[in-house]
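Each structure below is given as structure tokens.
After this come two complexes, each holding chain A, first together with chain B and then together with chain C.
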Partner chain A sequence: MRAYELIKETFFRGSYIWIVHVAWLTIYGVYWWLFLPEQPEYGKFVFTWGGFLLPLALSAGILGDDIASGRICVLVTKPFWWGEIYIYRLLGLSLQGAVNLILAAVLAIALHTLTRRGSVEGIGPWLLATWLLFNATAALSTSLSVIVRRTYNSLLLLVVIASGYFIVSMLMGYMGPQAPKGVFVSFVKYFWPPFELLFKFANGDYGKFSLTVGKYSVPKDIACVVHSLTLTVVYSVAGIVLLTRRQFSRERD
Partner chain B sequence: MTKRTKTWMIVVGLALALEGWAIYVVGISPERWRPAMVVRDEPAARAVYEAMIQTIRSANTLSYDSVCGDAEGRASFYKVRLAKPGLFRVELLNIPSLKDATLVGDGNDLWLFWSGTRSYLWFDDEAGYEKTKSNRYLKKPVAAGRDSIAEEIARIGIAWYACILDPSTFYGRTSELDPYVDGIRLAGTDKADGEKCDVIEISFLKAQRTQHLWISRQDHLPRRIKEILRVADNKIVVEEWSNIRVNDALPRQTFTWSPPADWKPWSVPQPQDLLIQSGQDAPDFELSTLDGNKVKLSDYRGKVVWLYLWRCGSPQCRQELPHLQKWYEKNRNDDLVVFGVNSTDDKRILQAFLRENPVTFPVVHDCSSFARKAVQDYGDKTATMPMSCIIDRQGKVVDAWLGYEGNHQRAMNALEKAGLRVTTDN
Partner chain C sequence: MLAQRGNPTGCTEEKAAVVQCRQLTKTYQKLLPGSKKAVCALRDVSLSVHKGQIIGLIGPNGAGKSTLLNLIAGLILPTDGAVTVCGHPARSVQARHGLGYMPEHSAFIGGYSAKATLRYHAALLGLSRDAVATQTDESIERLHMDEFAHRPCADFSQGMKQRLALAIAIMNHPQVLLLDEPSNGLDPIGIVQLRDLLKELRDSGTTIIISSHRLGELERLTGDYLFMHRGQVISFGDKIMTSQAGKLCVDLVSGGNEIARKLLPASKVLSVTDTELVIGLGDPREVPDIVCDLAKGGARITGVLMQSENIEEVFLRLCNERT
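Let's look at the complex of A and B:
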């Protein structure tokens, strides 16, 4: 019951949540209508918008708002482990992501059936990759929300991740194969939300650039899923540790 | 320790192990070489392959677009137009550098030119590049059927990746790897570029190199070619064909080009020209041998050293190595040291090769960046193998050259110049 209440609270914590969902689905629909995309174009579009930008929009101030308003003190006085607040909020986000992506798929299938154009073939792996990326990004943003005021968690994450990828792509673009694959690149590859790995997984690159003949390389694809789930857990554990060690004040922050 | 702590420790340990496995699997190159990767010949698969070659060769004109790329996102886009006799136009664009190049064959000559500034190539230095980066063109005679377009692109280094299937196949040219095909087998069926394809697997040089070809059942032309080169770090390149047209009329002006008035001719140095020169000090190195020991060149002052750089995947090296071993056995003495330096191959492939072709001189196997730098210090910037370098007792280079000349005469001359009496292997 407690879990249900906390998850439900995530869904209904602000009217803007519904605006975000409707806006995202409208964006998917407009993109389809304008470009009639073949796969994997639609998959790539959903991956970027649904896997990275959607969790940022939905998790803005997910804990920071409560901390700033002093409401967190009401929550933590209840007789349960504080970490549960974090876990159920994240679970609520994850469910919202899943629902949004299912609706995105339904929308694409409906538009494909109506227009008889574009393609929805191979949409499944893209949706799975998007959801995994959504979870990792949402966990990172939620953890950041424990220490960053109000809704700045999402903004900060957007700026940091975008800058990091910009630097890496500049390095790779300028230096090509000579680019140093040093600590920074490895850090971005394995410790940041797994954009590149999940993109390759959904795009079939692991099958294309491995010894297999088909589209997928099963061990690498499983490894990608495992890695992204591990990252989600690691980000979450960091957030839970931060949350359970904080002292909260009833005063408005 | 409480039961709960123990349970948590087990859970965390398992999670770490799983994550370790995931990072390893995601990070590693494709599977390492195994003897089972050597393909056995299947007549049905060979028939599919030969039908493809026959279709390409029997066409009067052939045009297609292809993209050759790797998993890191580097790719070379090609627009290939071929006509008989000996006419071609290959337009190439590299991603992400966006440097282009065009090769035109007018039946007599090959012209190479760039629309803007050319890319920085392996033989360039700052001053030379600034002088020649634009308004230059290269012209050289070319013989259809003998000269290779793909090899020319690779030799000059203008593309991230040269075409895997050489466009010169159209003129009847055969690959130097053809005699080293282990076998061809059917690997199933798949769809590529919207076409139902037979997929065949070809292994070369005891699976040191493997190719998968997706060949359309409809027109017998390839739609995708995947090449796996098993060296110290495996490389996979995929070439994908699209917009294929056979026997279309191609306008004659496609295959002609003449340089604008203010453009100047330009030439590319041969790899041989950049090798270390006679009389220079031989750069010192310390590298690992196949059996795990260290070898330092300067420890052999007072002896004449033949440095032989080679790799298993080079047909010339495969030809030369048995002769070199025979010669070494005949001329073995305390004043002569031969080092076979291999800084390219996977250790297991090398060991398997040496089991079949045993040598008694020390084999250095070191694929570290130090080893690669050592090879470059001797001027072998393109890693063209084999490369030989004779070093005298004072540590000076007597002679250095690329390739196998058949009778070791150049080596004999250099060794005699270094003060060693030797006999030929004939």
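Let's look at the complex of A and C:
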């Protein structure tokens, strides 16, 4: 019952959640109708909107709103491990992402079937990559929501990630492909939500390449999925640690 | 006795205590550079609260009342000292099993109805599906919320919010109930219902700690108070009420000034006219002796009236003594 209520809450915590869902599907439908996308344009669109902007919008203030309003003060006096609040809310977000992406796929396939326009080829890997990116971004945003008041977690994340990638692309632009991989570039590539890796995965860039570490060798596609899931877990653990160690108080009287 | 200052004593008392605070200190650190020094909200507070007691937590704004409640609820961590609830460290899951908490400002999911909110909180308690339904219906009936049980919380008045918050706090019969300004926004009927409910809970063995500025209401509920001032417990238990029992008004035919000068120490005389003497009392048992001495000293008494100090007067007196 507890898990069910905490997951359900992520769907009903504000009317804007439904506005976000409807807006996403509307934008998606309009884009498809107007631009009749082929791969990889379709992938880029669904990947950016569904994997990055959608989780940011859905996770805005996911814990910060409760902390700012004081609602969390009652939740955390209930007899259960506080980490459950985090885990079930993230699960709720992940479910919302999955439902939305499935609806988007159904919409694309329906439009393609009815009109014989556009292309739905390779839609599976793109949706999987988008969902993996959605989870990583949602976990990072939820963790940030433990320490950032109200809905600023999403805004902050948007600014930081956009700035990070802008700086990386500037560095690459100035120094060319031979640019030395500094700590910052490596950090952005491997510790931030895995845009580049998942994009290549969905786009089929890895082909049959394998990642070899010592005597072990795994297909790069699988390594990419594992990397993405690991990042999601790492972000989540950080958020849970922050939440369980946090103090909650509105008044000092 | 409910509370102690300094070191708590007596092993038996510690065992029986439902809430135990030992040398609690809470300092809020300022995080921003350039801001003023840290604020000490609570300083070396020790107390024991026993089963079935109602404790009124009183004190001026900034005294540390909410900080103490938050520490007992486990919402914040003490800088020094320790709190146990039902024998378990505050903030532990075991301690929270026996705890009900109602904050001063309650917030709910705006789209949820009162019933859905109660169901949500009952589920958080880990109850089964049937128990959730039973608890929800029971709470609605107990707090007289039938009229607005299906309305969304976003439309609630302050009084409705208070009822809902209280219903959430008393769900599943907690052993310790922490209430922060529970009567805020309640209408007179609601206040009477709240009083009856709290008395009923006390009689069933629930320990209740209430922080409130409505002293008249507190007085009707309990004689046990914890007066706090600048983060310290100044006075505690029913000592507040007995420390100065009130005043004695003596009506005389004449000669009040002379009698006061001759028979009473100046510190005892609060006011005097030719026909009326007002004498400060430390203990109501002094009254027969005072009246007897006055009569023996030649005072022609026409009337005697003892006025007990109510909690509001005690509060003001304690505040004035400290400022």
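As a working rule, the second predicted complex is superposed on the first by the 237 of 253 C-alpha atoms of A that agree within 3 Å, B and C clash if a C-alpha of one lies under 4 Å from a C-alpha of the other, contacts with A are read in each partner's own complex, and residues count from 1 in each chain.
One rule holds for everything that comes next: a residue touches a chain if its C-beta (ideal position, glycine included) is under 8 Å from a C-beta of that chain, and two chains touch if they have at least 3 such contacts.
Please read these numbers as outputs of a predicted model, since none were measured by experiment.
Of the two partners chain B and chain C, it is C that touches the larger number of chain A residues. When the two complexes are overlaid on their common chain A, residue A:Tyr4 makes contact with chain C while staying clear of chain B. By the touch criterion stated above, A:Arg71 is placed in contact with chain C alone, chain B being left untouched. Contacts of A:Phe80 after superposition on the shared chain: chain C is touched, whereas chain B is not. Shared-chain residue A:Gly14: touches chain C; no touch with chain B. Look at A:Gly29: by the touch rule set out above, it reaches neither chain B nor chain C.
Residue ranges of chain C in contact with chain A, taken from their complex: 28, 39, 41, 61-67, 70, 73-77, 93-94, 96-97, 99-112, 119-121, 123-129, 132, 165, 168-169.
Against chain A, the residues of chain B that register as touching in their complex are 15, 18-19, 21-26, 30-31, 70-74, 96-97, 160, 187-188, 190, 199, 210, 212, 226, 228, 236, 238.
Residues 172-173, 176-177, 190, 197, 200, 205, 208-211, 213-214, 219-220, 222-224, 226-227, 230, 233 of chain A are the ones that touch chain B when the two sit in their complex.
Per the touch definition, chain A reaches chain C in the complex via residues 1-2, 4-6, 9, 12-15, 66, 69-71, 73-81, 247-253.
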